[in-house]
Amino acid sequence: MLWQEQSWPRIRELDKRIPVVVPLGSLEQHGPHLPLIVDTLQVTAIAEAAERRLADRVLLLPTLWLGSSHHHLDFPGTVSLLPSLYSQVIESIALSILQAGFRRVVFLNGHGGNKVPVAQALSELVCGSEIAEDAYLALATWWELNPEAFRVGMETPAVSHSCEYETSLVLALRPDLVRMDRARKTPMALDNEWVKTESPQSSRVSIYRRFRRLTAPGSMGSPLSASAEKGNRLLAAVVEELVRFLTDFFQWPELPPLGPDLG
Amino acid sequence: MLWQEQSWPRIRELDKRIPVVVPLGSLEQHGPHLPLIVDTLQVTAIAEAAERRLADRVLLLPTLWLGSSHHHLDFPGTVSLLPSLYSQVIESIALSILQAGFRRVVFLNGHGGNKVPVAQALSELVCGSEIAEDAYLALATWWELNPEAFRVGMETPAVSHSCEYETSLVLALRPDLVRMDRARKTPMALDNEWVKTESPQSSRVSIYRRFRRLTAPGSMGSPLSASAEKGNRLLAAVVEELVRFLTDFFQWPELPPLGPDLG
Amino acid sequence: MLWQEQSWPRIRELDKRIPVVVPLGSLEQHGPHLPLIVDTLQVTAIAEAAERRLADRVLLLPTLWLGSSHHHLDFPGTVSLLPSLYSQVIESIALSILQAGFRRVVFLNGHGGNKVPVAQALSELVCGSEIAEDAYLALATWWELNPEAFRVGMETPAVSHSCEYETSLVLALRPDLVRMDRARKTPMALDNEWVKTESPQSSRVSIYRRFRRLTAPGSMGSPLSASAEKGNRLLAAVVEELVRFLTDFFQWPELPPLGPDLG
Amino acid sequence: MLWQEQSWPRIRELDKRIPVVVPLGSLEQHGPHLPLIVDTLQVTAIAEAAERRLADRVLLLPTLWLGSSHHHLDFPGTVSLLPSLYSQVIESIALSILQAGFRRVVFLNGHGGNKVPVAQALSELVCGSEIAEDAYLALATWWELNPEAFRVGMETPAVSHSCEYETSLVLALRPDLVRMDRARKTPMALDNEWVKTESPQSSRVSIYRRFRRLTAPGSMGSPLSASAEKGNRLLAAVVEELVRFLTDFFQWPELPPLGPDLG
Amino acid sequence: MLWQEQSWPRIRELDKRIPVVVPLGSLEQHGPHLPLIVDTLQVTAIAEAAERRLADRVLLLPTLWLGSSHHHLDFPGTVSLLPSLYSQVIESIALSILQAGFRRVVFLNGHGGNKVPVAQALSELVCGSEIAEDAYLALATWWELNPEAFRVGMETPAVSHSCEYETSLVLALRPDLVRMDRARKTPMALDNEWVKTESPQSSRVSIYRRFRRLTAPGSMGSPLSASAEKGNRLLAAVVEELVRFLTDFFQWPELPPLGPDLG
Amino acid sequence: MLWQEQSWPRIRELDKRIPVVVPLGSLEQHGPHLPLIVDTLQVTAIAEAAERRLADRVLLLPTLWLGSSHHHLDFPGTVSLLPSLYSQVIESIALSILQAGFRRVVFLNGHGGNKVPVAQALSELVCGSEIAEDAYLALATWWELNPEAFRVGMETPAVSHSCEYETSLVLALRPDLVRMDRARKTPMALDNEWVKTESPQSSRVSIYRRFRRLTAPGSMGSPLSASAEKGNRLLAAVVEELVRFLTDFFQWPELPPLGPDLG
C-alpha cells in the first residue's frame, strides 16, 4: 500500500504490525555521465517493485529525495543537508510514524552518505524517547541486503559511486538520462592497505574527505563496464531480497525489556 | 528543465539568472474524503505544467513532500517537521542552490503550514549569510498568486483545507483517490469578527491552535461543492499566473546596495 | 492592570481568563528623521492607553524593546535578535505566562519584522507542548486590527516604515525626537505587479532582502505628509479597536478537542 | 545620551570609545511584599541617574526587563528565559553594539540569576568571534561595585533577595508598590559553613536549587529592617561608584595582542 | 610523545605531519563480571603501548573516558553523552588539534557506540569547515584493524560486549577487577538471518534497540571462554597493527583538490 | 571508592546518599615552563588523596581532562570545548549520575574557565528537569574551599595561572615536567582599581578577554617563587578541606519543597 494515498481514518484502522518503509535517496552529482537524481531513481524503483509484490503487507511512503551529500557540494547541482540536520529530519519522520501507532519502521536507504546520519538519528531516538523504545527501527541499505548475490555477473566487487552498478541501473531504468560517451574510469586518489575508497565496507580505517579530493570527474569504479542487462538483473535480485526481508520482518517477535528497570 | 535530470557539468554551464523553482508540499491528513498527499499532488501538477511551458527558462526541482504540519499530527498519517526544523531544511536547500551559482530562487508553496517557516528561513538566510545577500529569494504560495482570478466560478471565497478548491483539484488530478461519499461540511469552532479560520488572509488577529480544536473530521470549507471541472479550471488559472510571474521574475533588475555599508 | 506591579500571591489569585498582553517593539533604524525607538514608543503608547480603559479586565506586561530587525543591521544603532532566536524568546515568555495559569495571551506587535518569528514561535508551542494546547495564543499586529479605519485621512494606503503613519505617531507622542528637516521621500528599489515593498499585505509574492537593498535613507513611504494631528487620530482609532478586541477576547468560549485523540 | 533616542546617522558619527551601557533587570517574584519588577526598577534608576551625570560620555540602552529567573518560576508571575537562551540574547545585543563600531560595552546587571549566563555569553563571544576580540566586554553587577561602601548603615551584610537592601530601594523609588505588612523574615533552609544562601559571595561551595526549596515566602534576608532613607543613601552610593567606573573605563588603554598568533 | 606533557612552545615547534592519536573509551555497564571502565582500560593500554614503540613519531592525547552509551543507560553506573552531543565534542577536539597546525588526526576508538557519532562528527567537520578540508581525519576502531588476525585462538568469531575478547583483555590488564564467578553466557534476544546482534559487521540490516531489550545481564558473547593468556596475545596483535598503521599514515601523500572549485 | 571499578549491580546496591565526585581538569597552555596537563594533574591528585581517606564514604569518577579553555586557544596545544558545549557535557554527566539514583553530586573543579559553564549547566538542570529538583548539585573549585588557609606561606595572595601556586604543585607532583629555566614573571596588561586580572575574586567588574591580550608567555603571577615544598603543603591543606567538606555534605538534611507548587 502507498501511505500517501490513504486517508487518516484508513491509516487509523490498519494493523499496526505492518512494516512501514521510507525510501531515502539523494540529489547529488554523479559524474559527467549520470544525472543528479540517480540514488532517488534507484531506491524508488526498488521500493515500488517490492510494494507491488507485497500489497497490503507493507506501507510505502514517498521517497525523500533530499539526502546528506555535503561531501559532494563542491560539484554544482548537489542539494544537501548537513549530517546533523538530516538526522533530525529522519528522527521526525520516524516519530510521525510511531505516533500513528506503527512499530516496525524500515528506512530503505539508497545513498552511502545517508547511512551514518540515519544511524545517528535512530540511536538517538531509541534512547531519548519512550515512544521508540518498544519499536523496531531498521536501517536497510539496498546494496547491503545481500552483497554476494548482487555481484554475480559484475566485473567489479562492490557498489561505489556512478560505477558499474549504478550506471547499469540507470541504463535499465532511464537510458535517456545516461551519457555513456562522457563516462570515465579514473584511479582513486586514496587507495591502500587500510583504506579502500571504492569499497568502504572492506576498509580497516575510515577517512573523511570531500569528494573533490578523491576524484576529478566525480565518479568512481568502472562505469564503462555497465549495461542495461546488468541493471535489470541487479534490480530483480535486490527486489527479491527486500521482499524476503520485509516478509520476515512482519513476523519478528516483540522484544520485551529484560535488563534492570530504572524507571 | 528538470534540475534532477541534469549532470553537474550541465548545471555548471547554465545561465545563472534562470529562476530555480522548489515546489513544497506536505503529507498530512485531509479529512475522511481525501488522501494524505493532496498538497504535494497539487503543487507538483502546477509546477510541472509551468515547466512544460517555460522549458529552458526555468529549472524545476522535485517536490519536497515533507512539510510542516504538526498542527495536524493528532490525525494519524500526518508526517511532519516542526516549524523550526523545517526552516533549517529550507535554508539548506536555498544554500545548495546559491552555492551552485543561481541567484533567483522561488519556493513554490502548496501548504499553508509551510508559509511561516519558509518566511522565517529566508529572513534568516538573507541576514545571516553573505552568499544570500545579493539573491532574490521568493516565496510564492500558489493560491496567493491571484486570489480574485482563482475564485471565479467557486461558491466559497478562498482556499482553506480539503475544501471546495482542494477537493476539485484532486477530482481533476486523481479522482480515484477521492471518496465523495465521506466528504462533510462542518462549521468552524472559531469564527468571529477577528478570526476567520477558513480564510486567514482576512483575519485581523492570528490564533494558533491544533486542528483537532477546530474541526472534527479534519476538513474545512465546502468539499461538497467540488467538481473535476472546477479543478481543471483552477489548475489552468494558477499555471497561467505562475508562468507570467516566472517570465517576469527572470527579467527583474539586480538590486545593488544603497544604504550604509558597515562591512 | 500592570503585571509587573503585582506580587506573586496577587498573580496567583487573579481570574485566569483575563487576557494577558505582551507588547512587542524594536530598536532599529528609522531613517534620518526618526529615532531608533519608534516601534517601541508606538506600541507602548497604544497598550498603555488600552490598559487605562480596561483596568482589571487586562494584564499588561512591559514592552519588550528587543525585536528581530536583522534586515536593518547594516544601519548602525539597530539592536536585534535573529528570527530563530527571537522565536525562542517569545516561546519562553508565553510559557512563563501559561505556567502562571493564564490561557489567553496576546502578543501585541508593533514591528513588521517580528510577525513571522512570533507566528513561528506560537505554531511551534501549540504543537510541541501540552500546556499550550488548550490556550488561546494570539498575535495582533496593531496596524492590522482595522486597516480600513486607520487609513482615513491619510494620503498613503498603508503603514510601511518611517512613513506618513509612523512619523505622524512620533510627532504626536515625542515631537522632540523628530527631525522633519531630514525626512525624505524615496522611490522603492523593488515595486512591481507581484511585490509591493511598501505594502507587503498586498504583495502576491514575498521577497526577502536586506533593507539597504531597498532604500538608501532607511525610510519608506511619505514621511513628509505626516502631522501630529494625524498621529493623534490614528492613535485613538487603534486604541479603540484594541479595546474592542480585548473585550471580546475575554468572552470567547473554550475550544475543546474535537478530532481524534492519539494520546 | 540615550541610545534609543538617536537616529542611525547620529549613532554613526559618535566617538566609538564612548562606553555603551546595557541595564539588565528581571521580572520575577520578590516575596509577598514587593512587586515582580523590583530588579528592573532598581537597575533602571541607577543607570538613568548615572546617565544624567555623564551626559555625552555614555550611551545608555533601555533596560532589558526579561532576565533569567527559572529558579523562581515555581512562584507565579515570574517571566524568564533559561540561562542558555538568555546567554544567546546577551550575545546578540553585544554583537549589535559591536557591529555599530563601539568597543567598550558594559552590561550593568541588577539580578543575581543573570550573572552566570552573561558571563557565559561574553566568554563565548570573545573566543568565538573576531569582531569581539579587540573589545572591552564588561559585566558590572551593581552591588559588587563597592560592597563595603554599600553596607554602611545597614543591619545585614549583603544584598540577597527582597531583603533589607532591595526593600529599602523600592521604598525610596516606588513606595506605593510595597506592602510592608506582608514582609517576613524567614530562616534559610540551607546555611552552613560551606554555603551561605544569603551571601553567595562568601560561600566556599556553590549549590544549585530552586527557590522554593530555600524559602517559603520567596524572600530572603531582613526586609523588616528596610527604610526609604536607607534606600536613598544606597542609591546615591551606587550611582557614585558607577559614575566613577564609567569615567575610568572611557580612558582605559587598548589591549593589543601579546601572545602567539596562530591566525 | 604524550601531548599533555608538552608545553605550548614545544607543541608549536613539532613537525605538523606527525599523527595525533585521540583514544576514545566509555564508562558503561559491562555485565555483572566486569567493571564500568572496560573500554577505556583497553584502548588506553593499546594506545600507550603503541606510543612507547613509536616515540616521537606519534603524539598521544589522554583517553576520553566519556563516550556515547545511552543504549546502556538503563543499567546504573553508565555515564554517557547522547550521540549528537558526543559528535559535537569530537568535532571540538579535532578543531583544537587542527588549529594547532596538525593535519593527520586519528580517533582510536574502543567502544562500539562511539563509531556512528564520531563518523557523523568527522563527516560534518570536513564539509563544514575550511580548516579541515586538507586534513586526514581518521577513525580507527581497534578491533577492525585486522579482524582475521585478532580471532586466531579465539572460540568466538568477533568482539561484541563483555565477551570472550573483552573479558580476556581485562584478565590480562586488571585481573583484580574481574568476577569470573558472575560471568554468564546468554542467548541473544534478536538473532536471525538479517541481524546478528553479536557481530553487527556481518548484519545485513541494522536494528536500533536499548541493551535491556537484548540481554538481561548486560553482557554478550562467551565470557566464560576468556583467559589472561588470550588477552595478552590479543593485546600484542592489536598493538602490532596499530603501530603498522600509524607508521604508514605518517607517510601518506597529500591529497590536493581535483574536482571543480566553486570557491 | 572508584566509580569506574564497580560493576553495574554493585552501583545499584550502594547507599544513594554517598557523595559522587566528578573532578574537572583541562588541557591547556600553562606558559613555557609548565605542561598542558597542569589542571588535570592537580585536581586528580587532590581527588585521589581524598578518596583514599574517605574510602566507601565517597564515589570518585575519573577526571574529565577536557575543559573549557577557548580563551587559551591562541596558544597551540590547548584542546577545548566552547563554554556552551561544555555546559551540555556537564549536564549529561550529572543526569547519568542522577539516573543511577544518587542525589549528592560534587563537581570538583580545577580550572578557572570551567566555573561559569558548570554553574550554567547546574542552574539549567535544576530548573529544567524534575529528576534534578530534589538533588544537591554542588560546584567546588579547589582553591575556593579555604583561600585563607591556602595562602599561608605563599608570597602571592591567590591562585591565578601557572603561578606560584600551580608551579609549586607541579614541582611536588611531577617535577620532571617543569622547566623552571623558562619561567617568567610578567606584569599584567590589565590591572586597575576595578579589575584584578590575577585575582578575579577581588575584581569589582568582570572583563572578558582572550589570554593573548593579557600575557605574552601565557603565564601569570610569580612562578619563580614556587617550590616543591610549598606544593606539598598546599596539597595537604586542600585535601584536608575537601575531606571535611565531603564528610559534612554526606550528612546534610534533605530540602523539601517549601514555596508554592504550581505542578
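Just so it is clear, A, B, C, D, E and F label the chains in written order, and each chain counts residues from 1 on its own.
Heads up, the rule we're going with is that a residue touches a chain if its C-beta (ideal position, glycine included) is under 8 Å from a C-beta of that chain, and two chains touch if they have at least 3 such contacts.
Values in this document were obtained by computation on a predicted structure and should not be read as measured data.
Student: Taking each chain's centre as the mean of its CA atoms, which one is most distant from subunit C?
Tutor: Comparing chain centres, E lies farthest from subunit C.
Student: More contacting C-beta pairs: A-E or E-F?
Tutor: More C-beta contacts join the chains of A-E.
Student: Have a look at where subunit B meets subunit C and say same if over half of the interface residue numbers show up on both copies, different if under half do.
Tutor: Over half shared, hence same.
Student: Please tell me the distance, in whole Å, between the geometric centres of subunit B and subunit F computed from their C-alpha atoms.
Tutor: Chain centres of subunit B and subunit F, defined by C-alpha means, are spaced 54 Å apart.
Student: Can you work out the whole-Å distance between the CA centroids of subunit A and subunit B?
Tutor: Comparing mean C-alpha positions, subunit B is 28 Å from subunit A.
Student: What whole-number Å value describes the gap between the mean CA coordinates of subunit A and subunit C?
Tutor: So the centre of subunit A lies 47 Å away from the centre of subunit C.
Student: When you check subunit E against every other chain, which residues touch at least two of them?
Tutor: Residues 8, 12, 73, 75-76, 82, 99-101, 218, 260, 262.
Student: Provide the residue numbers of subunit B that touch subunit C in the complex, in ascending order.
Tutor: 68, 70-71, 73-76, 82-84, 87, 106, 113, 116-117, 119-120, 122-128, 133, 136-140, 144-146, 189-190, 192-194, 204-218, 245, 248-249, 252, 255-262
Student: How about subunit F: which of its residues touch subunit E in the complex?
Tutor: Contacts found on subunit F: 3-12, 27, 29-37, 40, 61-62, 64-66, 73, 75-82, 85, 88-89, 92-93, 96-97, 99-101, 177, 179, 182, 218.
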